[in-house]
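Okay, got some structures for you below.
Each of the two complexes below includes chain A, the first together with chain B, the second together with chain C.
Moving on, here comes the complex of A and B:
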């Protein structure tokens, strides 16, 4: 497994994917910097709410799709799947490692986001102590909430050779986020809306689906992840390459 | 010649889900607004009491802009994907066609697909309004403005995405730029008028949607020309 991971990392080197990791944290930080400073009782909460809405509502689910499609690019171009499977590696191993890489890239994104958040807070001169507990829960929650999505996107990306097709699917289901998160009933069940819900629950006075308790969200996320990952893996193991 | 190159381009994208996207985009936007209005009918009807159709069209427009911006990035990428996947740029350009024709045909197909999409959006919006019981006297001018002018105002992005999709073999880059632009556009309403991502919303200080559309048309043409010049001179792999 470790060796597959190393070879996957090699494939990623010199590709521009590291640049994509920076886009969202950078934009979110810029927007937060432009936002006027208000006297707030909880300045960090306010800052997180502003930035996480931009980051989590559309960027995070869409980036999960971009990363998943990217990870499969080398194999789809130039018959790489055949080449990789004549090597003594198991399909399960390759699939798990690829999923791990997608999650790793998303984690890097979250960490950069945290860096951006702290940076903006310092530049704006927020004096209140940093609420590590709340920030950690929010960022980790948003990351975990991406898991079902990443699993689904990886399944589609391995199945379709086109780069844009899995992304099209992702876009079709991510756009409704703008409306779906307003609904307390449907919001938590919607895999594409879960990242923003997980990031913002507890960060602000809730409305709509933000009122859903984190435990419920976690159960739905775990269920969705198990379903998509198992389905994708089963398909991948049987697929004719 | 452009017509014949376009015919060849249609063949290349025949099996790609481009028309599916062109239909699902407007259908999704209208469907979501149907759900929105269906679930909170009383509240929304009360809110837009004076101008039911205006409220509906405004809501559809608000959701259609991100769909348009993301959709055009995806379609632009699909239009260029065949050559990238099979390393066929050399082959395409070795044929007796000018680079001008190849680039223009791809751009023209993007325009056609999106124009069809916008037409479906207008029809769908009218049908939704009638279905919600807003009467049949829909404000045609307002509906056409909200359906077609964002398309004109988004022309710089079409030119940009086509250029990037054709030039860069790594499609993650143009698609990420498209995604970032879409998200920027959601926040652009507060920015100043020169900001191109604001144009598709047709909001400006003169209160005239034609200003936004005109700016889009001019910038779109400039970017198309710049992309064309670059494509005509570059060395393909």
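Moving on, here comes the complex of A and C:
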């Protein structure tokens, strides 16, 4: 597993995809800076809600798809799968490492987002103590909620040798996000909507009201992840090259 | 335990009702250079992909180093270096980094990269991104990658694809030296007999998914020896006379063709014909090249 990880890291480091990690935190921070300061009982909660909306609703799901597609792209393009599979490594190992890297990139994105949030908070002169507990829950929750979507996109990206097709699929399903998450019934079940729900359910904790109980969301997320990951892995193990 | 390095048992692949590989029993012994021949579309690549576990056989088994491939895949593949169809590469990495990516998977020593770059004479281009490589350079990189793990068995699917004559010669020499100096067992596929003629010790010929010949290259040469053509005045009578003394001849446009024979036998035939008062106009030996024989075996290669 370690050998596969080191090999994947080399391929990844040399691609420019890692730069995309910065896009969403930067944009969200800029947007939050432009927003005028209001007197708030919970300024950090307010800031998080502002920033997480764009980030969780749009960028996190999009990036999950982009990272998954990219991590398969250089294999599809140069016959890399064929090369890996005639080497003494297990297909399961390759799949797990690839998934791990997608999640790793998303985690980096969340950490940068946290950095951006703290930076904006300081610039705006928020004096209230930083609610680490709430921020941690929101960011970590958003990250965990990306797992089913990342697993789904990885499955699709390994199955389709095209780079654009899985991305297009992802965009098509990300766009109606704003509508779907407003539905209390379907929202939690929608993999593209789960990141923003998880992030905001953490943020709104302080307001005392949110859409879905976190436990329900967590169960749905865990179930979705197990389903998509197992399905993708099973297919990958049998895939003809 | 069998002594074969590669052994397949009625290996069969059917896709969509079409049988691409049909009951193949392929055997390769230690230290052999095996020429795997067949016209385009004969099923060479499909067979090789099954040998490496890239696709699953519909029926039949593959044993490498005496072990079942499906059950001991990773252990077995550690000893195999392979190149299937066209070389794999990561275009955004340099040649050196490509080798490094594979080296990390194999856990080979770092010094191995420079060694294999030297072997395929790619040391100069190693710092350039592979997307800028010519086909020949990619092929060299592919072969360097194959050698990285010091394999005991090489499986090379048309390794000279896209190389110029000098490159072809070089790869051929390389393959020969791998067998000679490093005792590697090598399977090389090609659609040209002449390509493997000079390096193979054994050949297997596949046609429409079936193995139609598998023996030493010498046996193939023997089979393709020339024929004696006799031009006589009364073909029919001559044919009967020969048959009367147990010699099967083929009559074709005023000539008789017999499989190549020793000098004494030819002399005996002439004596026989003269005794039957048949005029012998010409006696010629018709040489058939190995290539022609191969083409005849595969009906001129019209199998796509």
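Heads up, the rule we're going with is that the second predicted complex is superposed on the first by the 234 of 241 C-alpha atoms of A that agree within 3 Å, B and C clash if a C-alpha of one lies under 4 Å from a C-alpha of the other, contacts with A are read in each partner's own complex, and residues count from 1 in each chain.
We take it that a contact is a pair of C-beta atoms (placed from the backbone, for glycine too) under 8 Å apart; a residue touches a chain by one contact, two chains touch by 3 or more.
Remember, it's a predicted structure, so these values are computed and weren't measured experimentally.
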{"item": "Combined model on chain A where chain B meets chain C, clash or fit", "value": "fit"}
{"item": "Which superposed partner A:216 touches (first chain B, second chain C, both, neither)", "value": "neither"}
{"item": "Touching partner for A:62 - first (chain B), second (chain C), both, neither", "value": "first"}
{"item": "Which of chain B and chain C A:11 touches, first, second, both or neither", "value": "second"}
{"item": "Chain B versus chain C as contact partner of A:3, first or second or both or neither", "value": "second"}
{"item": "First (chain B), second (chain C), both or neither touched by A:179", "value": "first"}
{"item": "Partner chain(s) touched by A:86 [first = chain B, second = chain C, both, neither]", "value": "second"}
{"item": "First (chain B), second (chain C), both or neither touched by A:164", "value": "first"}
{"item": "Chain B versus chain C as contact partner of A:240, first or second or both or neither", "value": "second"}
{"item": "Dominant contact partner of chain A by residue count, chain C or chain B", "value": "B"}
{"item": "Touched partner set for A:31, first chain B, second chain C, both or neither", "value": "first"}
{"item": "CA minimum distance (chain B, chain C), superposed complexes, angstrom", "value": "7"}
{"item": "Set of chain A residues, in rising order, touched by both chain B and chain C", "value": "15, 77"}
{"item": "Residue ranges of chain A touching chain B (in the complex, touch as defined)", "value": "15-17, 19-20, 23-24, 27, 31, 54, 58-59, 62-63, 66, 69-70, 73, 76-77, 161-165, 167-168, 171-172, 175-176, 178-179, 183"}
{"item": "Touching residues (chain side chain A, partner chain C) in the complex", "value": "3-4, 6-7, 10-11, 14-15, 74, 77-80, 82-90, 238, 240-241"}
{"item": "Chain A-facing residues of chain B, complex", "value": "16-17, 21, 24, 28, 32, 35-36, 39, 63, 66-67, 70-71, 74, 77-78, 81, 85, 170-173, 175-176, 179-180, 182-184, 186-187"}
{"item": "Chain C residues touching chain A - in the complex, by the definition given at the top", "value": "49, 52-56, 73-75, 77-78, 80, 82, 84-93, 97, 100-102, 104-107, 130, 145, 149"}
